[in-house]
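First chain A sits with chain B, and in the next complex the same chain sits with chain C.
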Partner chain A sequence: MDAHHWQNLVVAVLVSGAVVAWLRARRSDLWRDAGRQVVKRRPLACSVVAFYSVLALADAVSWKSDDPDCAGLSQHKPRSVIDRAFRCDFQERSYSAPLADREFYGGNELTFPGLHPMGTDIRGRDVLHLALKGARIALLIGGFTSLIVIPLALFFGISAGYFGGRVDDAVFFVISVLSSIPGLLLLIALIMVLGHGALQVCIAMGITSWVGFSRVVRGETFKLRELEYVQAARALGVSEFKIIWRHIVPNLMHLVVITFVLLFSGLVLSEAILAWLGIGIDGSWGQMIDMARDELSRDPIIWWNLAAASIALFGLILAVNFVGDAVRDVLDPKTLREDA
Partner chain B sequence: MLAYVIRRMAYGFVTVLGVLALLFFLFFLYATPDEMARRSLGEKAPPQAIHDWVVKHGYDKPAWSWSDPKESQLYNHYHSMLTFNFGTSDADDSLIAPQIRKRMIPSLVLTLPLFFTGITLGIVFALFVAYFRDTYIDRMGVVIAVLAMSVSVLLYIIGGQYLIGKLLRWFPISGFDPDPALIARFMALPWAIGLLSGLGESVRFYRTVFIEETSRDYVRTARAKGCGDGRVMGAHVLRNAMIPILTRVVVSIPFLFMGSLLLESFFGIPGLGSMMVDAIQGNDFSTLRVMVFISSLLFIGGQIATDISYTLADPRVRLD
Partner chain C sequence: MRIRRVRLAWVAWIASSALLLSCSNNPYPGADDTVKVRYGALPSAPKTLDPAVTYSSLEHKITANVYETLLEYHYLKRPYTLMPGLAQAVPEARPLGDGRVAYRFDVRPGMLFQDDPCFELGEVGRRTREILASDFAFQLMRIGDPEIPSQVVQTFSKLDGFSQFRERLKQLRESEEGFAELRIDLQYRRAGPIEGIRVDGDTGLELVLSEVYPQLLYWFAMPFTAPVPWEAVVYYDGKEGRDFFRDHPVSSGPFKIAEYDRFFRIVMVRNENWYGVRHPEWKAPGTVYPSSGEPGDAAAGLLDPDYVGRSLPLLDRIEYRIEKESIPYFNKFLQGYYDAAGIIRESFDKVVQQGRLSSEMKARGMRLEKSVDPAISYLGFNMNDAVVGTPGGDKARKLRQAMSLAVDAEEYKRIFINGRGILAQTPIPPGLFGYDPDYRNPYRTPDLDAARKLLEEAGYTGGIDPETGEPLHLTFDIGDASTRTRVTYGFFIDAWAELGLDVELAATNYNQFREKVKKGSYQIFTWGWIADYPDPENFLFLLWGPMAQATSLGPNTANFDHPRFNELFLEMKDRPNDVRRIALIREMREILERERPWIELLHSESYALYHGWLKNLKPAGLSLPQAKYMDIDAGLRAAQRVEWNDPIVWPAWAVTGIGIAIVIPGILTFLRERQ
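What follows is the complex of A and B.
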């Protein structure tokens, strides 16, 4: 199997997982109401997030085809849905301004005059195309890292909070060691050691961000363990594993959702910093912004690359922040109590 | 109290040992000395060159030996870190410790004013917004804060440098001069940008804290006995919100000394932050290791200090 087949498989698994989660959530009144309320509170932000997700999905599914129009370089490369929305080999030789007919430097005729709505970058690639493709990287950073963070944090947090004693001491020690190294420094050190690349960046971000959530889970499990229904289950002889799975984990799910949404924007923003340090993920918006350092010092300046990437990044982060606030307001019992 | 402080410090020391163990695992066991040599010499370096590099930087010893513990990497690692003999940089073989001492000053010049004005402005704005809770001023404040925190720091820096440094030419784009007469001119732009980029997030955080406090009974009591609004917010609410504020402030203490990575390298300030960036770009593992160690040392020290300061801020907290 080629790389793009694996990618398609991962996407299929993720999408079916999301569909299953959605179907299960629909069956419970709590989650259905919560979902409705979030959408009702922030309809615009929710649709923006949905739009970005669709973009990311469209870029994540790719296949090869022998397109007769596509005789150039990318004939034998797998192309995603987003790639297919643009013309094949939609490329110039160098910078060109938005909708320009000629190259920015030298003034040679473009291959596709007037067809690049956001211009082209230093290697002549269409900026709009790159900005749209960046959505996949951003969602990969947020989504994949959360897939690492949430199970890790749940496992360690629950075992520390539920079993207490030695287990708690050990987990708490690991938590205090990891959290006493400032996040960005640990992240950089991890990436330096693990090596560069998308997977490594996500793993490093996962290792640095599970700690905070784990601490919350641990505290919450302490409280849940003492509740009557958990004690009743224990008195009835229900096994520890089953108590955790049936009584503890479902009562932590709201925290999982809140953390997922709140973590997301922080992760994407810190990838931008990593990209600037030269250890980010290829094709991210951070990398596009990073190129602007050079582009803004030219005369006349090249602004479209920076503008496209920052608008795309800003739009996603803003929408996620608003949705995150709404999710927290809806799901957090503390604020619910305040309203009542 | 004294017993608590001693116990807390002992736990802090154990945590430091844990941090060192993690660093040892990452920098010696996971990334082996050979790999470090290859990173800094290039992938295609001949084996002899790699061997020479490893020997020269003292990475040729065994990770641990039972017969002669003093001649092992692990012993060396702990010994050099705990005695603050940081050794030499992997990149240019200069001593790390004097470098750090020299570069700490520009970092502090950048971060100290930023730290204090950031906290003050954040708290003042948040008190203002929280006072008008559930009015349109509050909602506007929150929306502006969320907007401000959704912009990447990179964009603040790039935009600020371009707009103020290049178009308006109010301040130099970058540079540093230790001369007191010139320092403010060079630092004005990084200060302003650093302040602006952090303000949204901190206003939002402090607002949440204050809002939680304003719904408490003592606020109503204070109002009932005729306290003015200014006094309620400034004396009662602020005083009671001290614990979350202190916790948040301590988290940023390591960055006082380490400087701000991005600000320093964008503005050409020769502090510890730009030293980190140089270390990252030059694959300088030994400097990186030292920086991570020092920052976590500062963080652990800061945590102990906060725990103690809780008792000063809030007489309800008793440490024992």
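What follows is the complex of A and C.
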């Protein structure tokens, strides 16, 4: 199977998983009400996040086909749904301003005059196309890294909080060591070791981002393990693993959801910083912003590349933050009480 | 009491406003306005000023003006021409009969180093001493010292006994107790002599080479071989508050270091002991402004009768400031605080329009000088690779030819480097013997149809690898992972994609890239080369088999090893610039044209932008001691700085006015209400 087949398979699994999770959540009063509340509180933000998710999925699903516009390598490469929204040869030779009919420098006539709503970049690529494709990278960074962070944080946090003693000492030692290393330096060092690909960057960010959440989980687990029903389960001889799985983890899920949403925007922004340092992911908004470092100091200025990436990044982060706040308001028992 | 406070606040407000408004942005003292000071900037401090070690053009900006050499290049003539410096004449090769050859330099007598306390080591109270032939021999021994990381060791290993001296010195240091603690000149004396370096009295220096190597003379026009007094190396050891020698050159050149602050500025002043200053009556070629140059120099004002024949140096002082960022540097240049600047990419379109200086810049009295660098940038193939290299046979050759035809260097130049540079057809840049301006490499004119046909002949129809049924996958390694570089080199990926080739850009940091090159695990790479000296040998050796990276860690990164090319190179490298040499170069060119180990891109072009008050600047791709020929019209500079930096005060007054109108009445109302 080709790489794009695997990618399509992963997308199918993810979508199926999301559907199953949604169906299961509907059966639970807590999650169903929480979902409704979140959508009710932040309808626009939820729509924006959904829009970005659709964009990301549309760019993740790709297939090969005989397209008359495609020549050379592009006729053998799979094209995503987003790619198919644009012509295969929808490229100029260099910079052009939004909706321009001539190149920005040199004044050569464009192949597709007036058809680039956000202009083109230094290699003549359509900036709107690049900005839309950036959504997949952003969601990949936020989503995949969170999938690394959350299990790590849960494992270490629950182990330390539930077992206490030497396990707690050991976990806390690891947490303290990682906390004492400047995060950005550790991240750069890990990327240097692991390499520059999207997967490697996500792993590096995952390794450096779990500590804070782990502390929260540890504290919460300390509290949970002393509750009567946990004590009762222990007195009845239920195994430790079962207690954790049946009684501790479900009671931490609201924290997981809140953390996931809040972590997400931080991770997407972190990639932009990494791109600024020259170690970001190809095709990300961070990379587009990094290119703007040169473009903004040009005379005359090239602004559209930065504008497109910034608006796309801003839109996603703002929407996710709003949704995150709503999720916290709905799921956090403290805020629930305050609301009541 | 409160009213007094309010009055005090008023006075403080007005005083600070007046102080701010009277500030100037001039970073230099006013006294400099009447002195001939050349102001420049460096992006970082030199790592070292030890002439045996310095190699970068940045370091040579200092060392070329501080260290005088036996020979030097004519300031104006192109192709570059050697002329005597500290030597009385440019020596001729004297064959010794057994394949060896000798050069004899006669050093001018009566020349002095700059005044420096280090010379007290030789004699109490002595502040300077004569420059002797033994000082050149000492410096050559320093190049051979295994503890000094000189990059030109290989070059001088052609001197009889040079490598043996290096080995002996190493062994003595390892085996003999206390040897390494001996004074450095005594260590060299014990490990020496070097048979190929013969000192004859105070002024005679004879060098014997084991093989013919006419390019040797060029190395004596570079700071590597400048005279170094042993006293300086011993005295400046970094102990008891003394500098290290690498930070404290003892000058033999027209300027000497007056201040060396690695983080702020480097100041050089006239060296009163320089032979041009002490003996103007000699009219030595390197001490007077030249009377001839290349065509166009007179029109460019470089042969102004006011300067021709004048004793050098013309400047009193040179001041380099450290400017890490190019944009502030360029802005200060526009304000008149630097005399010259390269043109930053970001402002290129404002400064240069249709290849000429823009009218805006012309109106400010600026000038633009262009010169093609003796340099080349290229894309290379690893010729040891099974797919793109020699093992791939005719199939791989056709693949390389097709890939070469797909790369449009003219477009690359236009989009990414502001059109600066001329298209390279062979490795030899303009200005060097063997460069043929009329030659057009048939594989360097983009032709996608021909490229597709070649690919088909190679068995990769439409770029498809018949073994996999997928587009042929190749890797293009670059040693810089920054976004800009990745986007820039994506240009070539796009070009090859048009042929249907799937070339992956592997961007790593430079060290990782070097490691890949060392291991030979690369297919396509990019590199460049700047001439050490103006000879075709210095470019063609980059493709000489014995210099292959894989076998000798040499600079032949393409690992090109073509028996006929190697044979031709051996004959060409030591020949004088004659008809036979041209014929050899042409045959080598034909081999490169056919075999395509490189896709030649560009010979870069330097644009020097400078103010009208800076006289006699001629850009050079080689590190020449340019500063001694330059002059400054300090009066014009001072006047234009004042004109261009007239402070815009209305915003400050406006802010002050708003402050008075809003803040003060507010305070007064507050105080009144409290009363």
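As a working rule, the second predicted complex is superposed on the first by the 334 of 340 C-alpha atoms of A that agree within 3 Å, B and C clash if a C-alpha of one lies under 4 Å from a C-alpha of the other, contacts with A are read in each partner's own complex, and residues count from 1 in each chain.
Rule of thumb we're sticking to: a residue touches a chain if its C-beta (ideal position, glycine included) is under 8 Å from a C-beta of that chain, and two chains touch if they have at least 3 such contacts.
Keep in mind it's a predicted model, so treat the numbers as computed, not measured.
For the composite obtained by overlaying on chain A, chain B and chain C cannot both be accommodated without a clash. In the superposition on chain A, contact is made by A:180 with chain B only, not with chain C.
Of the two partner chains placed by superposition, only chain C is touched by A:76; chain B is not. In the superposition on chain A, A:318 makes contact with chain B only, while chain C stays out of contact range. In the superposed model, A:269 lies in contact with chain B only, and not with chain C.
Of the two partner chains placed by superposition, only chain C is touched by A:105; chain B is not. Residue by residue along chain A, chain B and chain C are tallied for touches, and B comes out ahead.
Using the contact criterion defined above for the overlaid structures, shared-chain residue A:300 touches chain C, although it does not reach chain B.
Only one of the stretches 512-520, 566-574 or 602-610 in chain C has C-alpha atoms clashing with chain B after the fit on chain A, and that stretch is 512-520. Note: residues 192, 278-279, 290 of chain A belong to the chain B contact set and to the chain C contact set alike, using the contact criterion stated above. Those residues of chain C that touch chain A in the complex are listed here as 327, 344-347, 349-350, 411, 414-416, 463-464, 470-471, 481-484, 486-488, 490-491, 494, 496-502, 507-509. Across the complex, chain B meets chain A through its residues 11, 14-15, 18-19, 21-23, 26-27, 30-31, 146-147, 149-155, 158, 162, 166, 215, 254-255, 258, 261-262, 276-277, 280-281, 283, 285, 288-289, 291-292, 295-296, 299-300, 303. The touching residues of chain A, when paired with chain C in their complex, are 71-77, 93-94, 105-106, 121-123, 192, 196, 275, 278-280, 282, 287, 290-291, 294, 297-300. Looking at the complex, you find that chain A touches chain B at residues 173-174, 176-178, 180-182, 184-186, 188-190, 192-194, 265, 269, 272-273, 276-279, 286, 289-290, 292-293, 296, 301, 306, 310, 313-314, 317-318, 321-322, 325, 338.
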